[in-house]
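Just below sit the structures, each encoded as structure tokens.
Same chain, two partners: chain A is paired with chain B first, then with chain C.
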Partner chain A sequence: MMHLGIPSRLRRTARRAAGRAARWAVARPEVLLRRRWAYQVASAALPLLELRGAKAYQVAAIRCVLSDFADAYLGRRPCIFTSAFVPTELVYGLGGVPFLPEAAAGLAAASDLAARSLSACEALWYSPDLCSFHRAGLGGAAAGLLPRPSAVIVTSHLCDGGKRSLFHISRLAGCPFYMLGVPYVPSDRATRWLASQIEQVAGDLARRVPGLSLEGLAQALRRSNEALAEYERVSALRRNVPAPWRGSEALNYVLLFLWSWGSPGLSPFYRALRLHLERTIAAGDFPIREERHRLLWLNLRPYYDTGVFKYLEGDCASSVAFEEYSFAYWPSLDLRDPFASLAEKMMSNFGWGPIERRLEAIARLVDEYSIDGVVQFAQWGCRQSNGGAAILATELKEKGIPFLNLDGDGVDARCGSEAQAITRLGAFIELLGARRGG
Partner chain B sequence: MFVAGVDVGSTTTKAVLLSDRNCVARHAMPTGVDLAAAADECLRIVCGAAGVGHDNLAALVATGYGRDRVTGVARTVTEITCHARGARALVPSARVVVDVGGQDSKVIRLDDDGMVADFVMNDKCAAGTGRFLEVMAARLNVPLEEFGMRWRKAKEAARISSTCTVFAESEVISLLSRGVVPEPIIKGLCDAVADRLAGMVHRVGLGGGVVMTGGVSRNDGVRRSLEERLSCRVTVPEEAQFAGAYGAALIAFEMASYVLSSQVRRPK
Partner chain C sequence: MVLVSCGYVPLEIPLALGMPAKRAVFWGPGPSCEAYLPRDFCSYAKAFAREYLQDERIAMAGSCDAMRRACDALRYFGLAREVHFVDVPRACGSGAEAYYAEVLREFAQGLAGISGRERGGVGTLVDSVDGPSFQRRLLAVTRSMNRLRSGLLRVFELQAAGHMSAVDAMYLTLGVNDALGGELKGDLEDPRIAAQPDGRRGLGDGDEAARALARAAAVLERTMHRADATGDGRARDQGVRVGVSGTCLLEPALLGVLEDAGLAVAFVDSCLGSRSFGLEVPVDAGPHETENGADGARACADADGPGGARPDPFRVLARAYLSKPACPRMFAGDARARRLWALARSSGAQGIVYFAPKFCDHAYYDFAELKGQVGEGEGLPMLFLEGDYGSAISGQTLTRVTAFREMLEGRLGLG
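Let's look at the complex of A and B:
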């Protein structure tokens, strides 16, 4: 390794200083996240990441997140907290920056910061039975780890814990709270009713929150459509056998998938990812060359450090070929009728409404991605996915697709056992192997 | 040809030595804290009993939660597959295998060929496992071996939570402090474990012979409570505790046979 003539003593001192800075940052992230220089340093270091082997799409993703975090924590744009399935195009279109506490909880778990947020939430009387993504989000807000919201928007669909924890956050911050009521059964009338709510919320936010206006809505929708077009190519490339991308990594980018529709950074990220996948397929340089089994992964993953995926992708040579939460289920947005279009996007969420919608979507993904088995990560406290486990298992069994309900927790490492998860996954892979005759 | 299977469980390590498909020696001992040493010792004992050198094994397969700690293995296989294979070999009519070990419980559905068709395992809590019963036996000061006999003496069962080991222990203390004798408490504990197991059996589908394996299968109280809930006979083979190690040994035998037949077929 070249050291450019720097004396070893100086190098050791620099290393020690960097170590101290990293420890300080981990201990006081709320301070670091509010320092302009931190984002300047991080942005300046991005090219170095590529030099050190990071892929272009990985750098594009970090750039996208850094930009939003800088806007949110430094107050450069009004920060709107949302639950996971609010169309973020609305927030970007208004000139704000969205912040999803539950997605931030995943980042906190990956950074080993979740324990502090979870403790803060428990101090607010919340039971550990509530989904840890929401607990860590709320706890993060209570502990001062999150930016200050100018408003909170939630939807009534899917996560019940999300709307309640975000309501609590709006009370802590003393900011307006909006809830979009999503009708259970899709119809034109239901879509129009939801569209009128979105329009009302947008108008109200533009009037009440300084710095927000409706001028950028068309541009946000255009960006979203561009990103969707790129993303559909990415999804098509992922049908390749063997899988061109590790599912464990794809599950990390689900957070971006939930967060960034309408942002300027999403389309470049998906473009870079598409190019990477095209190159991988052309070169035959697959992450798992001798792919034994292809899995569809339902719900999220543990975001803290775990050996589960190393075991699955390494020892078992099995791919997570696709993920339920990576499925872009909505059509291209109509710029001429933005509110109706956003309403249609929300209404088309296959996880909402009768369970048959989710079953149909899963069956489609099983076919499209040549899936051998389906794993549902049964997130502790998640009612919306765990509630349908029995019906899902029966339905898949009838189609001859093995199903594993894998208990665990995405954020709270105390609620899961790595050894037991590995045993269950190992037995499931053995079952798939036996079906193939060996 | 000698092959062996070793099952390194959370509480007990078991080893089975086969000569062809026939069991010639078996041994069980506490796992302790050194998993690799327990496996080595267990294998040394079964090999010694049959007068076979450890190095003369044609294949060794390890299973159980400590399977990755065993050295010199041809392959590691999960407990689910091994218990399925072992139980099927011990009881050919088996279609549902209920294996209750120290730290987890599992119910395995077998297809007509004896392969794993489906399985479920206990969720996050130790309730429904051997550890649950160990904690309660210690609290009651009654050896686990006496649970079956005490179960039969009980006229009724005390109501005990099957949700959490800590809650259940508190309930046992509360019952003892009210002067309740151990028998109904023991029956209540066996019922609590059986409630969890019966739910798991119904998840994979009841039908065909039900076989119980693992350390808890020696507890006759749990077996009887489970029979009451499933309304069918639950068979416990004599070698139930060794089903996992036996299944591992059978897989080792198949591997060794395959290698041998490949060598025989190979043109010179």
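Let's look at the complex of A and C:
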């Protein structure tokens, strides 16, 4: 009879490849993340952060992430791993806590954890030509850096790496795996099919995973709508010229944008951010006072230490006025028909379906945010985004908007070429300057 | 002619509409496509980015992120006259079947629009895709395709038994594929084609799809006949047996390298191999069948129509195709690993050669999963090779294959 688990020898190899960064066990992140006292200390330190100059929205964001990490790592709530575009309202509504390995990979990139995770993934025979966000997520799970999932949910739409890497993670953990098939073209029939899948997955999870039930679904949707309302105000404020918020920082908060819809912590974060932006605009205290150019940033960014944004925002006085992955593309959720509403949210993702949907979204953002140029961060291995580069370039050229396809890697610092990126950005900014007449 | 990008898209549909159709196979290095798609795209997706002839239509499945973007590029840059996107689900199950049945119906409607326009008005060949004439034609085509698939499966069985080289078997498969696409026109005068009933029954004489099916059946029959006549039916000396797996694997070059290196190919798990030819769409002519073969058709045990009414033929196709042996793009749990292991055991394969087109994400993930389960888990050696079309015959590949053979022989005590 065939043995179909992941061989323990392979797991050990992955863990060895991940190595051990800290000399003392207690200082290792994977150990700290599983200690109750670590979260108590971190929570107690939050007011000190404010005293030392941290903004209220930054503290609110940390509080939101800490709460979820504590729930996930300490096992206070069932942890459900999801790919990036699973509606997290479903997980919070069931009483679980979501964990997005590909988003966590961005956090890991800021420490040595990404390198360890990538090594662990390569030890499992995964090609370095795959997207590093997914490789780091998978390697992190194999190396024991992630919490233990009670179940895994993925969607069939964006992107291939997310669903396949999470499938492997579900096998490592020996937990249930669910895939929501998202129809390519929206229609009533498509919505009904997807809604029935979501309902089926929710019902099955409530039966199979202790601690989950559907009782909190309405509350999660209500929280999501509240956060969306706040977020739309934030987005409106970001249309201000000059930009009231640094895009390099905004790109860090894409993590929460992907992760926290339905969470009790998201609405306070966006409220605090809104207040901060209002105060910034009222006081004229803009991060780039003499803003020369406004850019729209597509896809993610390098999350390890890089001088790219210092150059762009400092030396070039150019703002990332808005980001593609910060665009709230869905309408308010309908509490009377939660599953259909979540289905509509998933299908309204502009990255899914014919590329004209993405082109329309980008054209809208260019218009709304007074954009001078568009930069796509061409994440190595990201076929769904990079595959549209030629079309984007053609379309934007016809509209008279310069476009830069900037090769790089968001997680794997070995593949990031900072000097080359700065050179290309510099040339792009020169082009924008020439168009403006100097 | 309709060029189809994926084995999950039934050729039966365009053929039933009178349009020759084949799986798109591209030869040699493709034209540069960097104006349309990035460099780090798999060679199969990139190969689609080319200008097509006026009579070539493309049916692209949502196989992966790269193919979706290739489809966008074809449409946006107007490289092909017609591009149809076929949204193939990633899993099977009743909901997915029902959804895919509707996708196939819309695909047929889209093609029927072309078919009608070309012939000066809808309804020359079929009334509508839900009408009796289309269903009658679909039934006839499906039967012919079942016979072709069954014949090709038999070819690979003979090949596995050593009666035919794997390269020859793959070339035969490609020949049948070309014939279905209305190519191999030189065979039109072959009297055996005129005698082939397969493509004609239920279709009528004057239609290109009928001729394509007849030619495909003739190509298959002629090769088998030639093998008998030349005495090539003897089992050859066998080397160490290996199975071949991968994503699309649409060219014989890799198989040639394996055989040149002295390995015997025990099975080919690919789109043009056992994954597709093991499929039989359940079309069972019942007692009420008319001369043209439609009314009494009982397409599958689970009749979808009320009160034993005729089932929806698109649902039947959807179910059959989604249920065929899973390819790397599908989510079927451990089914792929189980099947590969079963194939290896039943065929006596001592190792697996896995071929991936460079930058094929599905292949990268699939290999790692299979390597963990079948390779490391079961101790079956696996060799991973990647390359573009045509590059499988590089000296480097041959060196790696030879080393793999030596390793296998060492394990078997044959060295």
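Rule of thumb we're sticking to: the second predicted complex is superposed on the first by the 410 of 438 C-alpha atoms of A that agree within 3 Å, B and C clash if a C-alpha of one lies under 4 Å from a C-alpha of the other, contacts with A are read in each partner's own complex, and residues count from 1 in each chain.
Methods note: contacts are C-beta pairs under 8 Å (C-beta built on N, C-alpha and C of every residue); 3 or more make two chains touch, one makes a residue touch a chain.
Owing to the predicted nature of the structure, the values given are computational and were not obtained by experimental measurement.
Participant: In the superposed arrangement, does A:415 touch chain B (first), chain C (second), both or neither?
Facilitator: So A:415 only meets chain B here.
Participant: Classify the contacts of A:40 with the two partner chains as first (chain B alone), second (chain C alone), both, or neither.
Facilitator: Once the two structures are laid over each other on A, A:40 reaches no partner at all.
Participant: With the two complexes superposed on chain A, say which partner A:380 touches: chain B (first), chain C (second), both, or neither.
Facilitator: both
Participant: I'd like to know which partner A:129 touches here: chain B for first, chain C for second, both or neither.
Facilitator: Second partner only.
Participant: What's your read, chain B or chain C touching more residues of chain A?
Facilitator: C
Participant: Thinking of the overlay built on chain A, is A:111 touched by chain B (first), by chain C (second), by both, or by neither?
Facilitator: neither
Participant: Which parts of chain A are in contact with chain B and also with chain C?
Facilitator: The overlap between the chain B and chain C interfaces on chain A comprises residues 380, 390.
Participant: For chain B, which residues count as touching chain A in their complex?
Facilitator: Per the touch definition, chain B meets chain A at residues 65, 77-81, 104, 115-121, 123-124, 203.
Participant: Could you list, by residue number, the parts of chain C that touch chain A in their complex?
Facilitator: Residues 34-38, 40-41, 62, 64-66, 68-70, 72-73, 75-77, 85, 87, 89-91, 95-96, 98-99, 102, 331, 333-334, 337-338, 341, 358-359, 361-362, 364-365, 367-369, 371-373, 376-378, 384.
Participant: Provide the residue numbers of chain A that touch chain B in the complex, in ascending order.
Facilitator: Those in contact with chain B are residues 380, 390, 397, 402, 405, 407, 415-417, 419-420, 423-424, 426-427, 430-431, 434-435.
Participant: Which stretch or stretches of chain A touch chain C in the complex?
Facilitator: By the definition above, chain A touches chain C via 2-7, 9-10, 124-127, 129-130, 156, 158-161, 163-165, 167-168, 171, 177, 179, 181, 183-185, 189-190, 193, 196-197, 354-355, 378, 380-381, 383-384, 386-391, 394.
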